[in-house]
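The chains carry the letters A, B, C and D, assigned in the order they are written, with residues numbered from 1 in each.
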Amino acid sequence: MIGKLLGGAGMIALLCGAGVAHAASGTIEIGMIADLTGPAALSGQHKVDGAKLAVDEINAHGGIAGKKIKLIVEDDRGQNQAGVSAYQKLAANQNIVAIIGSIRSTIVQATLPYVARYKIPTMIGGTDPKLTHVGNQWVFRFRPNDTYASATMAQYAVKTMGSKNVAVLYDTDAFGAAGNALLKVALVKNGAKVVSDQGYTTATRDYTSFLEKVKSSGADTLATYMTNSEDEAQMLKQLRQLGLKVKIIGSTSIATSVCIQLAGPAVDDTYGVSDFVADGNDAAKAFTKRYVAKYNSQPDVFGGWVYDAMNVLSRVIAKDGTAPAAIQKGIRAVKGYHGVEGTYTFDTNGDGLHGYWVVKIKHRKVIPIKYVG
Amino acid sequence: MFSEFIQLTIAGLAVGSIYALIALGFVLIYTSVNVVNFAQGDFAMIGAYFMVSLVVVLHLPWWLALVLAVVATGLVGALFQLLIFQPVRNRPRNFLPVMIATVGASVFLEQAFLLIYGPIPYQLPPIFKADSVAVFGVHVYPQYIVIIVVTAAMVALLNWFLERTKLGKQLQATAQDPDTARLMGIRVAWMAALTFAISTALGGLAGLLIAPVYTVTATMGSSIALKAFAAAIVGGFGSMKGAIVGGLGIGLIETYGATYISGSYRDAFPFIVLILFLIFRPYGLFGEKVSQKV
Amino acid sequence: MSNMLEVSNIQSRYGQVTALHDISIEVRAGEVVALLGVNGAGKSTTLKTISGLLHPTRGEVRFEGERIERMAPEAIVRRGIAHVPEGRHVFPGLTVRENLIMGTSNRKVSRAETERDIEGILEIFPDLKRLYTQMGWSLSGGQQQMLAIGRGLMAKPRLLMLDEPSLGLAPVIVKQVFATIARINAQGTTVLLVEQNVNLSLKVAHRAYLLETGRIVRADTTEALRADEGFRAAMLGAGAH
Amino acid sequence: MIRSIARFLPFVALLVLIPFLLPGGRLGSYYLTLLILSLSYAVAALGLTVLLGYSGQISLAQAAFFGIGAYTFSVLAVNHHVGYWSAALAAVVVTTGFGLFLGAISLRLASHYLALVTIGFQIITELVLNNWNAMTGGADGISNIPRPSLFGYAINSDHGFYFISVAVLVLASYVVFRLRHSRLGGALFALREDEIAASANGISLFRTKVLAFAVSAALAAMGGILYASGSLYISPNVFNFYQSVSFFAMALVGGQASIVGTTLGAGLITFLPEVLRFLHAYYIAVYGVLVVVVVLFMPEGLYGLLLRGVGAVTTLVLGRREDGRDEVAYLKSDAVPERPVASDRPLLEIRDLAKHFGGIKAVNGVSLTVNRGDVAVLIGPNGSGKTTVLNVLSGIYTATAGSIVYDGKEITNLGPTRINRLGISRTFQNIRLFPELTALENVAVGHYRRGTVGLAGALLSRPRGYREEREAMEKARETLHFLGFVRLDVKAKNLPYGQQRIVEIARAIVSGPELLLLDEPAAGMNHEETEVLSQILYRIHALGVTMLLIEHDMSFVSSVATRAYVMDFGQKISEGSVKQVLSDPAVMKAYLGDDVEYA
C-alpha cells in the first residue's frame, strides 16, 4: 500500500517534471499521422498542407501563450498496421499533447485500443458512425458522420431531385460498405426504390460492367458511395462516354478538388454531399483564399478538417493548458465554434459536426445548395 | 441487351489487350531466363509517366512521344536486368531470390516515381480527341479501339521479329539452350538484356495505352500486373500465343463476370479461373507438359 | 610451325569436384586429334574447358598463340573454335534451316553468303535437305547429329571440336559421320575429336590422347596405337572404347 | 539432440529478458507492440522455414493462411463467444485444412507454377475476407478481439501477452525442430534437394508436399491468432499479397532453413521500416532497395552471414580446424566374401519393353530376365538405351509398351515410390545425392521406407519415433562402415566423385532391398577406386542382394557380373555370360566399330 502510494507520488513528480520540460522548450508538439506514401499519398499531402497552414498562422500570431506549435508527422502508408506503429511512435514522444488521427475508418479502428490506453486526445476524420460510439472518451471527430451523409443524400435525391429508382454504387471498403447500408435504408425511408446496388474494389479502373448494369436496371438516379476521389472521377468519365443518362448524387468524394481536376467536365451537373465547401461560410472562404495563395491548389476536405482540428486544439490549449485530461475536457466543451467545415458543437460521443452540405458541381465549381443539419 | 454485350466485349478486349501485353512480357522473360519479374507492372507505370513527361510537359506529338516512351522504358528494363538479374545469373536456384528481389524493386520503383512525380495523378489526353462514337446504340470509346489495334500491331511486329529475323531466332535459341547458344557465339548476356528491354517496353506500351483511360499514378501497375500474371498462367506460362489468348480471356471474363455475376468479386474472377486451370489443366491452354529429365 | 591449340597443365572443377587434374594437349593445324578414355575420364570436360564453358582453375589454353582460358565461349568461337557438344543440343524449337543459321552467330555474314554456306552444308549432308523446315526436336538421333555438325561448320571454324559424334547412331550413319569428318579435315579444318568408337577414331585421327580420371596417361600417333595389340586389348578390357 | 536444443537457450533467454530491457512508458509500449507483432510474424514465417527452407516449395500465400487463422479465431471468439483456446484450436484446424488443399494441388505443379497458384489463392482469400460481410464483417474487420487467460488469470497486459507469444514461438520452434530431426524431416530435405532421388528412395512426393503445406499453414494460423489477439483488431487489408511477400522476405533475409534465422528475419523486416522512419518520404524506397540487396547478395541470409563471421573469428582465435580433406575415406578389407550362386528362379522379368521420346526410339523391344542371386550387367555403347531401361524399370519413365514383372507381380508404370517400397532401389548415372545433406543424412534418407512414425508421432515425441530415428542413423552408420566409408559428416556436395558413388550405393542398400539397380557405378573412378568398388559389390552380393547394373568398364564387369545383356540402338543384341558376350562378333562390332578405311 505504501509502495503504491510512493509509486503514485513518483508518477506525479515525473509528470510535473515533464510539464516543466516543455515549458522550458517553448514549443507545444502536436502529432499527426498521414498517408505520406502509398496509394492515397495525395490525400496525405492535402492533409499535411491543411495542418501546416493552421500551424503557420497560429505561430505567426505568436503561438499559444507565447509557445510555438510544432507539428510532427508520421507516415501510416494507408495501412492499419503502419497506422498503429505511427500512432504509437507519436504517443511515445512525451512532449506530444494531442494527435490528429486518420481520415480512414479502418485505421482509426486499428488505433482505437491505443488511444484508449494512452489517453491522448485524438482527432479523427473517419466517418464510420460507430468509431465514436464505442465509449472511447479520447476520440473526437472533426467531420460529420455517415448517418448524416446518407440521410442528406437520400432526402435531397427523393425530395428535390425527384429520384424514384435509384442505383447505388459503393466501394467495398469500410467507408463504402457502411455507407451503402445506411444509404439504402435512408432511400427506402424517403420512398425511393433501390433498383441495383453494386460494390467495387478500391482502385477499380474499368467501370463499364457496373455502368451497364446501372443502365439495364432502369435507374433514373445513380447514388455513389465511393471512397477515393480518383475512383469517382474515373467512373464519371466512363459514365459520360457510355452516354448514360442518369442523375447523379455522390458522397463526399465527388466534391473534392481531386475529383474535379481528374474528371474535368464529366463531373459537371452532379450533386454531392460535402462537409467542406470552399465558399460555404466565412471561415471556409478565408481558408480557401490563404490555402490557394500558399499552395496554388484548391483545398478540399482532407485539408479542411485538420485545419479546423488544429485551430480548435490551439484554442482549447490556450484556455485549459496542455494536460491531456484538460484538453479532452476542453474539446468536449467546445460549442458553436465556426470552423471551415461548419459549426462545431461536440456531443457526448465526441462528434463535432452534425450536418452536411448538399452541393452541385457546375463548370467544375462546387456550388453550395443547402446545409442539412 | 445485345448492345450491352457488345459494349462489355469491347471493354473486356481493351483491358484484356493490356493484360496480354504485360503477360507477353512475363512470358518472354520467363522463357529466356527462367525467372518471373514481378516488377513487370511497374514498367507500365514507368511508360505512362514517360508519356506524361513527353506529351504533357514537353508537348511532343503523340506518335513521337509514344516511340520515345516505349524505347526509354525498354532501356530502364535493360538497366533493371543488369542490376537484378545479372549478378545472380549463374547461381543455381536463382528463381527465388530474383523473384523476391523484383518485388523489392517494385516497391522501390513505385516509391521513386511517387517522389519524382508527386502524388497528384496525371491525366494523359487520349490519342484521338474524339469523344465516344455511338454506333447502333453502342458507345465505343475511341481509346479502347486504339488499344486493341495497337496491341494487335505490336503482337504482329513482335512475331515478325522473333520469327523472321536472325536476332529474333538468336533470342529463341538462347531461351531454348543457353550454353549451346554461347557455343554458337551468341552473346547471351546481351540476349538477356534485350529480352528484358523488349518485355519492359511492352509493359511500358501497355501503360501508356491505358493511361488516357486510367489516371497515371505510381501504383497503377501493380493490380494490372497480377491479372496479367494470371493471364500468362492460364495461357500456359511460356507460350506467347497463350499470353495473348489468356490476356484477352481474362479481360473478358473479368468484365462479363462483374456484370453478370458480382461486381464485388470482379478482381476474383481472373484468379478463380486461374485456380480452376491449375487444378484441371495445370499447364494452361497452350503450355507443354515438361517432365524433368533424369 | 607452332601448335594451333596448346593446352598446358589445366585443372578444372565442377564445384568441389576436380574433374581434370593435369591435362596437356597440343593440336597442330590440319590434324585430326582424338581424345579417348572411359566415361568420366574427363574428355568432355577438356572440350568444355577449351571452348570456355568451363574456366580452368589452373593452367593455360592458347589458340594460335593467344591465351583464351579466361574468355567467354562467345569470344572463343569468334576466334575460330567451334564446339559440337555431346548429345547434339540442336535447338529443339528452331527448324533445321534456322539451326544452321544460328551457327553463323560468331561472324558478320551477308544473306547471300549465308545461303551459299547453307548450300555447302546441304551438299555434305544431303539428308538435311528434305528436313529443311522441320523442327529440331522432331529429328531422329542421326539427323540431329548431322545437323549439329553442320551447324558447327557454319561457324567456318579453323578448329572443330566434336564430342561423341557417333553417340546413339546406327552403324551406317556412324560411317557417314566419320567419312564426313575425314572430308572436312581434307578441306582444311583441324579437328579435335572425343569418341568412344576406338577403331574408327584411330582410322580418322592422326594422333590420340588417352585420358584416365582427369589425367593424360598416353599420347601417341594412331599408327603406333593401332600397332599396339596391348592397347586395343586394354581398350576393350578396360573400357571397350 | 540435447546439445542442439541447448543452442536455442540463449535466444529464448534473450527473448524473455527483452521486455525488462525496454524503456518504460509509451516508448516501451511502442517497442513492445512491435515485438509482439514480430513474434506473431515469426511464428508464421517459421511455416515458411518448413515449406521453403526444408522442402523447397514456394508459397506466396502465407499471409492468406495467416489471415484465415486470424479470422477463424476472431469470428469464433468474438461473434460466437467460443472460449479462447477452443477458438484457437479450431482456427488452426481450419487453416490446416486449407493447407492440405493447396498442398494437394501442388503435386501436379513444378515449383514455379506453384508460386503462381499460391498467389491466386492469396488474392482470392483477401477478396473473400473483404466481401463476405456476414461472416467476416467485411472491410470493417473485427474489433474487441480477446486476449487469453491462463489457469484462471486473464492476460490482458502487453507484457503478459508478450510472454504468451514467446511461449507460442518456442512451441512453434519445437514443432519445426522436431520435424527437422525426425524421419519426415529427412523426407522434406530430400524433396527439396532432388525430387526424383527422393521418390526413388520410397518418399511419396504427394504426402510429403501435403505435409509441408499443412504444417506451414498450421504455423501461419498460430501466428495469425497471436496477431489478432495482439492487435485486438483485424481487417482484411492486413492479409494481402504484400504481406505474403513480406513473410517470404523474412525467411530469405534471415536464412530460410534456420529457425533462429527466420525469427531474426521477422524481427528485422518488422523493425526496419520503423527504424528508417527518420528518412521520411524516402524510407520505403530505401527499404525496397535493402530487401533487394540482402536477397540477391546474401544467399544464406543475414544469420548465415553472421554464423560465418562467428566461424571465421573462432578459426582466427582458436587456430585452423582440420577440414578433413585428407582423411582416409575407405577402410579396406582384403577378405574376399563368399558370393552366393545365382538360382534359376526369376526375380525380374522384362518383356518387349519400349520407350520412345518424340522421334527417338530410345528403347525398342527389350526382353530380359534377372534371376535371384544374379549380378546381371547391361552393356552397350553410349546412347544405346541402357539408362532408359533402368529409368522405366524404377518407375521414373512410363513405358511406351511392354511389361515388367517383379517377384511375380506386375509393376509396369507403378511409380518410383511404390517400386522402391517393393524392395527395388537404385543409383543414378550422374549421381543424385542430396548435395546439402551430409553423407550420413543421405544414407539415413534411404532408410525412410523402413520407418513408420508420422507427424503426430514425431511431434508428440513418441519413444517409437526416437527409436526409429536412432535406428535409421545407426543403420546408416553401419551401412557406410560396411562399405568402408568413414567421412560421415561431410556434405555430399563436398565429397570427391568416387566417394559420392559409395555414399549413393550405401543409400540404396541401407533399407535392405532385394534388387539393386546400379547405373554406371564405376564411371569416373580410377583403377584403385574401381577395385574398391568391386570389393563393395562382392560384399553386397554376399548379403544376398540381386543386382542389375549398367557398366562400361569391361574388366570391372568381368570381375563382378554373373550374366550380361548387350544393347545397341534400343534393342538387345546379345546375352550370356560376360565371356560369351564379349566374344560375340556383333558385340565387338557395336563397340569398336568395323574396320573400314575412311581417311
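Keep this in mind: a residue touches a chain if its C-beta (ideal position, glycine included) is under 8 Å from a C-beta of that chain, and two chains touch if they have at least 3 such contacts.
It should be emphasised that the depicted structure is a prediction, and the values quoted were computed from it without experimental measurement.
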{"item": "Subunit D and subunit B - chains in contact with each", "value": "A, C"}
{"item": "Farthest-lying chain, centroid of Cα atoms versus that of subunit A", "value": "C"}
{"item": "For subunit A paired with subunit C, centre-to-centre distance based on mean C-alpha positions, whole Å", "value": "76"}
{"item": "Mean-CA-position distance for subunit B and subunit A (Å)", "value": "37"}
{"item": "For subunit A paired with subunit D, centre-to-centre distance based on mean C-alpha positions, whole Å", "value": "53"}
{"item": "Averaged-CA centre spacing for the pair subunit C and subunit B, given as whole angstrom", "value": "42"}
{"item": "Shared-contact residues (touching 2 or more other chains) in subunit B", "value": "111, 264, 267"}
{"item": "Junction residues of subunit D - those touching two or more other chains", "value": "127, 131, 281, 284"}
{"item": "Multi-chain contact residues (two or more partners), subunit C", "value": "none"}
{"item": "Every chain pair in contact, whichever chains are involved", "value": "A-B, A-D, B-C, B-D, C-D"}
{"item": "Residues on subunit D engaged by subunit A in the complex (per definition of touch)", "value": "25-27, 29-30, 33-34, 37, 127, 130-131, 133, 138-141, 143, 231-233, 235, 237-238, 273-274, 277, 280-281, 283-284"}
{"item": "Residue ranges of subunit D in contact with subunit B within the complex", "value": "52, 58, 105, 108-113, 115-117, 119-121, 123-124, 127-128, 131, 195-196, 241, 245, 248-249, 252, 281-282, 284-285, 287-292, 295-297, 299, 387, 391, 396-397, 428"}
{"item": "In the complex, subunit A residues that touch subunit B", "value": "37-39, 41-42, 44-45, 172, 198-201, 203-206, 208-210, 212-213, 215-216, 230, 233-234, 238, 241-243, 258, 261-262, 264"}
{"item": "Subunit C residues touching subunit D - in the complex, by the definition given at the top", "value": "15-19, 38-41, 137-141, 164, 166-171, 174-175, 178-179, 181-182, 196-200, 203-204, 212-213, 235-241"}
{"item": "Subunit B-facing residues of subunit C, complex", "value": "51-53, 72-74, 77-78, 82-83, 85, 89, 91-94, 98, 101-103, 105-107, 151, 155"}
